[in-house]
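The data blocks that follow each hold one structure.
Each of the next two complexes has chain A plus one other chain: chain B in the first, chain C in the second.
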Partner chain A sequence: MTARLRMALFLSSMAVVAAFTGWGAAQLPGFGRYPGPYGDVIDRVGVQQRRATDLVSAVNVDYRAIDTLGEEFILFTAATGVIVLLRAMRDERRRPDEEADPGRERPGTTDLIRAAGLPLATGIGLLGVYVLSHGQLTPGGGFQGGVVVACSPVVVFLAGERITVRRLPPTSALEVAETIGAGGFIAVGLAGLLAGAAFLQNIAPLGSTGSLDSSGTIAIINVVVSVEVAAAFLLIISEFLEQALIVRPTGGRGGG
Partner chain B sequence: MGETSGLQVVVYVLIAAAGTAVVLSRELVKVAMMLSFLGLVLAVAFLTFQAPDVSLSEIAVGSLALPLLILLAVSKTRSRQG
Partner chain C sequence: MSYLPYAVAIWLLVVGLYGVISSRNLIHMVVCLGVVQSSTYMLLLGVGYRFGAGAPIYYDVPLRTPAVDPVVQALCLTDVVVEATVMAVLLALCVQAHKRFGSLDPERLRPLKG
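For the complex of A and B:
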């Protein structure tokens, strides 16, 4: 296939895609004019029912918590798959002289980067804890907070303290944390059954609207989800880092 | 499509520009950087449509996780070749 033919094929199919996209977009209801009833109902009763001011969190981990449970296990399965795949590769390539290979020294960083890395990592970690613990009050929650928390050790790694990072979150501890986070979600759901209510029904004390301990299981689920997400994210990143960055030739890091 | 604010028009243009830049970039590291920028612009777009929760998720996945995985994969393939 010549380049001209390929370009002609691309342009003609893009014209069809653009036409259908434009046609579909023109049919969309105006912004804020969604005709379904659920948004309005949640808006009216959500804050009184659940004492959570962030109704997106309330929908995600309370009203439709079973959907979020499924999504959490997508991430759990993905992390497990990455671990299984990369472990097999690591065993294949393990050599006794890998650490001592003179061509595979880790690239150095400057004192300035190291000095900036620590406060940055601390700030990012604190921000993550804030986002995950205020999920029921302000935008954010377990997923977003968990990813931000997981970025904190990554910043430490990027700042050059990679040996520390390699030892600080050992893979086994991360696996345990991931399991506790994923199992915690189910445990909160089963607690509802044990209390004589439905699976994942909000049976914890609701507290007063606007306080940190309000909204019952919404706050609890946000915390366990953040543990699961942070651990899964760190597991994936650390497996990739071990594969890609810890052992690599010094000449191979340029380009960009 | 309802009323569109000036900021939304700016964001639309930036999304189109960043998306085109991702497609046209030949250097994979540049692709990761442009993808990260696209995620950031999309996050601003969600924010202008009053969806801060989605915006935070977009930053986490689109601006951080995806470009990071691409960078690591690129680094991995390069260290094998070298």
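For the complex of A and C:
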């Protein structure tokens, strides 16, 4: 298909898409006139029901917890997919590479970067723990906190004396952490069943509104999810780093 | 009554798709897909917004304060996570394509050429 034909097809189909979406948007209530009712109901009763002051977290890991379970498994599957995609290539390339160049050394980093790296990694890690542990009170939660926590080892890696991929947590440990995170979510859900309530029902003690141990399973699931998210992101990042640092042969690019 | 946010969402959708169609680099194509997906954030947050309302967070405001819809915000969070994971898988495919064909130009991925 030529570029011109493709563009003609694109423009004609986009005219239809734009017309239909424009027509659909015109049926929506105008911007700033949210008609309800679900958001209003949750805004009205959410805080008393769940003792969580961040209602986005309450929706995400309590009212809509089963959707978030699915979301977490999308992440789990994607991390697995990245590993599988990149590992298939690794087997082709790695054997000669390892023989030719075991423990290949990368250029070192400067003292300045090393000195800045540790405080930065500590600060990022603390921020991540704060974000994930206060998800039920203020903006934040397991997904956001997990991603921030995952950045901390990456900074350590970047500031390392010798940049080698071995500085990241070993893949097997990450896989175990990811499994614990994903399984923990299900365990919290099953605990609801064992207590005679529904799957993922909030059965933990709710505590008092505004304190760190409030909101029952919302806080627990946030912590569990953050473990899964941090491990999954680190796995994905370390797979890509491994591609860049280890798998590529030293002499030229190996064709397919 | 304003429809501007919806218009922005449609614009992001169309301009992102244009980028995907006309792209000559797989990484660029993945970023364009990100632009397409950001139209859904715009639409979701636009639908749940209410003039004069605050964030649905009651940590330091009284309980009856008007707030926007927390449901679409939670959906948006799901959306962000899905986009990040989709991008990771697509970028892994790009790495593989580059190794296989020595190029990131979609025109030069031989088996795909029709």
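Criterion: the second predicted complex is superposed on the first by the 195 of 256 C-alpha atoms of A that agree within 3 Å, B and C clash if a C-alpha of one lies under 4 Å from a C-alpha of the other, contacts with A are read in each partner's own complex, and residues count from 1 in each chain.
By definition in this document, a contact is a pair of C-beta atoms (placed from the backbone, for glycine too) under 8 Å apart; a residue touches a chain by one contact, two chains touch by 3 or more.
Quick caveat, the model's predicted, so the values are computed rather than measured.
*Asks:* Pick one for A:G210: touches chain B only (first), chain C only (second), both, or neither.
*Replies:* A:G210: touches chain C, not chain B.
*Asks:* Per the contact definition in the header, classify A:C151: touching chain B only (first), chain C only (second), both, or neither.
*Replies:* The answer is first: A:C151 touches chain B but not chain C.
*Asks:* One more residue to check, A:A58. First (chain B), second (chain C), both or neither?
*Replies:* In the superposed model, A:A58 contacts chain C only, not chain B.
*Asks:* Where does A:V131 make contact in the superposed view: on chain B (first), on chain C (second), on both, or on neither?
*Replies:* first
*Asks:* If we overlay the two complexes on their shared chain A, which of chain B and chain C does A:G140 touch? Say first, second, both or neither.
*Replies:* The answer is first: A:G140 touches chain B but not chain C.
*Asks:* For A:L241, decide between first (touching chain B), second (touching chain C), both and neither.
*Replies:* The answer is first: A:L241 touches chain B but not chain C.
*Asks:* What is the contact status of A:L86 with respect to chain B (first) and chain C (second): first, second, both, or neither?
*Replies:* Second partner only, chain C.
*Asks:* Between chain B (first) and chain C (second), which, if any, makes contact with A:G39: first, second, both or neither?
*Replies:* The second partner, chain C, only.
*Asks:* Check whether A:L28 is in contact with chain B, with chain C, with both or with neither, and answer first, second, both or neither.
*Replies:* The answer is both, since A:L28 touches chain B and chain C.
*Asks:* Do chain B and chain C land on any of the same chain A residues, and which?
*Replies:* Overlap of chain B and chain C footprints on chain A: residues 25-26, 28, 30-33, 54, 56, 139, 141, 143, 236, 240, 243, 253, 255-256.
*Asks:* Would you tell me which residues of chain A are touching chain C in their complex?
*Replies:* Chain A reaches chain C through residues 1, 3, 6-7, 10, 14, 17-18, 21-22, 25-26, 28, 30-34, 36, 38-40, 42-43, 46-48, 53-56, 58-60, 64, 67-68, 71, 74-75, 77-79, 81-82, 85-86, 88-89, 93, 137-139, 141, 143, 210, 229, 236, 239-240, 243, 253-256.
*Asks:* Touching residues of chain C toward chain A in the complex: what are they?
*Replies:* So the residues of chain C in touch with chain A come to 1-7, 9-10, 13-14, 17-18, 21-22, 46-51, 53, 55-59, 63, 66-74, 77-78, 80-82, 85-86, 88-89, 91-93, 95-96, 99-102, 114.
*Asks:* Flag every residue of chain B that touches chain A in the complex, lowest number first.
*Replies:* These residues of chain B touch chain A: 1-4, 27, 29-30, 33, 49, 51-53, 55-57, 59-61, 64-65, 68-69, 72-73, 75-76, 78-79, 81-82.
*Asks:* Inside the complex, what are the residues of chain A that reach chain B?
*Replies:* So the residues of chain A in touch with chain B come to 25-26, 28-33, 54, 56-57, 131, 139-141, 143-144, 147-148, 151, 154, 233, 236-237, 240-241, 243-245, 247-249, 251-253, 255-256.
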